[in-house]
Amino acid sequence: MNNYSAKVAIVGVTGYAGRELDRILGAQSHIRVCGRFASTADPVAGIDSFSPDALRRCGPDIVVLAIEHDLSLEAVPLLLAEGYRVLDMSGAYRLKNPDLYPQWYGFTHTSPELLETAVYGLPEFFSKEIAGARLVANPGCYATAAILPLLPVYRADAIAPDSSVVVDGKSGVSGAGRKPRLDTHFCEVSENIRAYGVLQHRHTPEMVSWLPGSTFDRFVFTPHLIPINRGILSTIVIRHRDRAVVSAILADTYAGSEYVKVFLNSAPSVQDVVRTNFCHIGVTSRGDTTVLVSAIDNLVKGAAGQAAQNLNLMIGRS
Amino acid sequence: MNNYSAKVAIVGVTGYAGRELDRILGAQSHIRVCGRFASTADPVAGIDSFSPDALRRCGPDIVVLAIEHDLSLEAVPLLLAEGYRVLDMSGAYRLKNPDLYPQWYGFTHTSPELLETAVYGLPEFFSKEIAGARLVANPGCYATAAILPLLPVYRADAIAPDSSVVVDGKSGVSGAGRKPRLDTHFCEVSENIRAYGVLQHRHTPEMVSWLPGSTFDRFVFTPHLIPINRGILSTIVIRHRDRAVVSAILADTYAGSEYVKVFLNSAPSVQDVVRTNFCHIGVTSRGDTTVLVSAIDNLVKGAAGQAAQNLNLMIGRS
Amino acid sequence: MNNYSAKVAIVGVTGYAGRELDRILGAQSHIRVCGRFASTADPVAGIDSFSPDALRRCGPDIVVLAIEHDLSLEAVPLLLAEGYRVLDMSGAYRLKNPDLYPQWYGFTHTSPELLETAVYGLPEFFSKEIAGARLVANPGCYATAAILPLLPVYRADAIAPDSSVVVDGKSGVSGAGRKPRLDTHFCEVSENIRAYGVLQHRHTPEMVSWLPGSTFDRFVFTPHLIPINRGILSTIVIRHRDRAVVSAILADTYAGSEYVKVFLNSAPSVQDVVRTNFCHIGVTSRGDTTVLVSAIDNLVKGAAGQAAQNLNLMIGRS
Amino acid sequence: MNNYSAKVAIVGVTGYAGRELDRILGAQSHIRVCGRFASTADPVAGIDSFSPDALRRCGPDIVVLAIEHDLSLEAVPLLLAEGYRVLDMSGAYRLKNPDLYPQWYGFTHTSPELLETAVYGLPEFFSKEIAGARLVANPGCYATAAILPLLPVYRADAIAPDSSVVVDGKSGVSGAGRKPRLDTHFCEVSENIRAYGVLQHRHTPEMVSWLPGSTFDRFVFTPHLIPINRGILSTIVIRHRDRAVVSAILADTYAGSEYVKVFLNSAPSVQDVVRTNFCHIGVTSRGDTTVLVSAIDNLVKGAAGQAAQNLNLMIGRS
């Protein structure tokens, strides 16, 4: 007897995000994970490699792709053509403008028509669109940590004209994926911190695209790798038009939010939110400057937890 | 037979900075550490507590204070009155304007006349003044990591008018001192990162004071505690007037520098400089934005290494 | 309408173990935490200090003490006299023989008669006694990690005569408590490992007391502090009489166990069990030597999780 | 004008051990590193791959191999045939008995005749042999941390008959090499500890071979990976014949030692020795049990520092 309301297949279940999603869905009785597949690019002993036939045997309502963006780029149109709904956790379908892909991702987008219909999976703002979507693009971890505090501010036009918004992101190492690289070797990461992708990181166009009124010239994002497993802390400096507006708009926007909490004159830490789906936002002002500090677990609110929110919206649960 | 040219006493030798200075001076044959004292506020078994008599027995040319700023505030005039030259590693004598102390440090300065004559111990810029000084104020760790990349830029008037300079500092835990506190408990720091002192940190007035043309309204400093022992990485975002000027002025200023190295289109990591007196500065630009990333060891270039540079200048060595 | 079957008060809820227990019980609908008290020795803003009156207002069925052993020593007889059942998480009532306390704990036991009736809270072996107990002594973290693998082996008399059992324990820092000390300062723990209490640690008499046939002369326990937040890995070397007996007896004993899992020719890691109530035991043999490796989360199976097991047994649930 | 007395080539200079040796020799004016080569198996941009021709151009007196043992196995006879003296940092030439290689290393030794003449590079015990050797096998890191405390004890026949010696080693991650593997991924190591190679680790036959009187049946070595960059702490439990003999023999043996220090009733930590060539040994006894705790930096005394000692001996300096 089935007491679940949806079947989900996860492709890329051996990576950190896919594994975390599998774990999260395991605690949700109304969703059944009917298939767990390794990426075709990364076969793992004991895990089936993804194939159309294997997917058909499982018969999912929704296929979640927790794989590299170049694989998602190709897989999404095939899966949609087979009639599956798709939740893509990569960056391949997050941007509306296909022209941004060559510069920031290094490839020409092969399905620009899908970019138009893809829904950006930010449940706090696009829950209706997500509910009806055939293709949902799950937001990036850094993007989530920046857009949640900034989107209400931009929408309220609360940023001083011609001023730059500066986002300084610090991420745990699981954000770099599970594939062994010298970059993620313990000895290279421990007792170290470094900035990377300075002025070139792929989450920059995602932030600028989804923050109305932002521009590449006045939006500066710098990611950093720090020696923790999980978590992102982003420190965001803006010049506000009116400090009262910024704190009020954030407090109001998230007053009833299940997962986003706002703290005035306080700054959250990663330990406050790790292993939860929460995003904590601290707001501090002086003069015409406001500092927003946001904290999420990059694998939960920044990936699998947000994916679980989206899956629930897609099957009609809030 | 003495083959050294100067005798130095260290007060506060059981803290991280004092201990590091003791270690560094141990390798410099021309300086002899004639006295090692614990802070009067922090007596330690086996280490003499600081007292005027104990100091007289040692007879130092220079007394180094590696103690809390409230203790330094009181000790410095007494030591100067006794005829000693003083290198103070606290913040008590770093600011020129006594009016800044109540707001940022929470006390009224009791020796404002000494602030006028104290020399700010930044060897790359004030070596002559340091050489002749009776009182040298050793710069703060965050301040060093911000002022070294920014001072040439401000001097060249290379920052766009009315734009904010944003400094995001990340420090290892030794910067918080050796005194046990819940804040520095392993379990509170490990797998964590947090911002602290948002818009209120004491190194802010130090930076603004020593960066000509900067103002509190257009200078935003946010420090963070990260789970490493040593090191500071500071990510600095400026809007430049002319990108060529910024990179040229930094490259020129430090072309012959022993300890400051400039890297174009590259970002240093803390591991590049840890346990050295180097400051590495990376410069990357896009549009009218320049990102400067600086890395130092907070206990060396940010404290004891810079103190050793200052001591050598004070005794006539470069 | 109450749908819980028991009320519990936690004394010492601001420490790591007490806080973890509060969190665990929060997910158990049949237990209500009716009171949360700070230790009288460690008052915390916003948390009530423990007092008889405060306890009476809450009216718990069971009082859990998550406080220092010297405080438990005094509090337990008072609480029992008031009619409460008590679960003590300290070492004050774990040993049967009062003569061991002066040597290993440095105090003379003031309630030796309670040692006779106290039940050692190891659910896998003493569930019946726990169910009926008025006073349960929750086992120590290192002791749990050693006794679970070794108790079946000792009971089966499977250790070669006159051979030594060597237990090498490695613990995360939360085992040292939340009170700030130089020992637990991030900079003293990170990039470090040290043995402590060599041949003198208090869990040694706990292990020897509960392992039938063991003796102080032939049981060697060495604890180590390692730079992780949570978790214990213990590596245990024995000389077996018959290797088949050791693996069979462990596999059999824990065949139906909810929380203890045995793995042949494999060694668990702390990450396998962290944030769970599991104890994983690996068994590897060569010649007449067997190496047992056990892994637990020191705050869960080694403290609060085991306490929750005991509370459930005390209220008649298994 | 050369003021050095020897030229050395390092093969495998991009690994952790090779890089550390290069750094150490950089501070020794009498040795010049005339060639730095990457392993043929691991070519690195900007570093020459090792080749006979490249080696000839450099003309070293001694070739240091800091490469995998299978590469050393083949390279050593070729280099000796070319007339070079060789210091091999791998395990390929550490054992005297070729029959141990198939079982512990998984290969049949192709130059068993060289095992006879190879000198084990433990300077504290074999300095004369090292001075004259054409081939020196630099000891393994775990082996160094075990043999230094145990060799005097075995030589003095101070261990009780038929008792087992138990060595529990804990190593930092640099001991696993610089090649990226899932095992050394930050997220797999951080907040974790695991035993590995239980009863099968390759340093076991090295220890048993060089500890006179030890046997595989009565010698148990278990290595563990802990989340630190550098350092080994080994906890060694023996049953002594006479506790006075153990402490006396250790104190006497190392009374004049430059790098080995013995501490009675005390246990060293890794931070005491990291980035130094010291080995600290703590000795604690109770009944007929003695616990020895040794600490080294695995890359210095456990690899490159000991190699530098050996190179100096080979060129006639002590």
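Read from first to last, the chains carry the letters A, B, C and D; within each, the first residue is number 1.
Quick note on the criterion: a residue touches a chain if its C-beta (ideal position, glycine included) is under 8 Å from a C-beta of that chain, and two chains touch if they have at least 3 such contacts.
Computed from a predicted structure; not experimentally measured.
Taking C-D and B-C together, the chain pair joined by more C-beta contacts is C-D.
Annotation: the subunit A:subunit D pair of sequence copies touches via predominantly the same residues, more than half of the used numbers being shared. At the far end from subunit A, in terms of centres built from Cα atoms, lies D. Averaged C-alpha coordinates give centres for subunit C and subunit D that are 39 Å from one another.
Computed centre separation for the pair subunit B/subunit C is 46 angstrom, with centres defined by C-alpha atoms. Counting partner chains per residue, subunit C shows two or more touched chains at residues 190-191, 227-229. Residues of subunit A touching subunit D in their complex: 16, 172-174, 178, 180-182, 184-187, 189-191, 227-229. Contacts from subunit C toward subunit D in the complex involve residues 163-164, 166, 168, 170, 188, 190-196, 198-199, 216-217, 220, 222, 224, 226-231, 233, 235, 237, 239, 267-271, 274, 282, 284-289, 291, 293.
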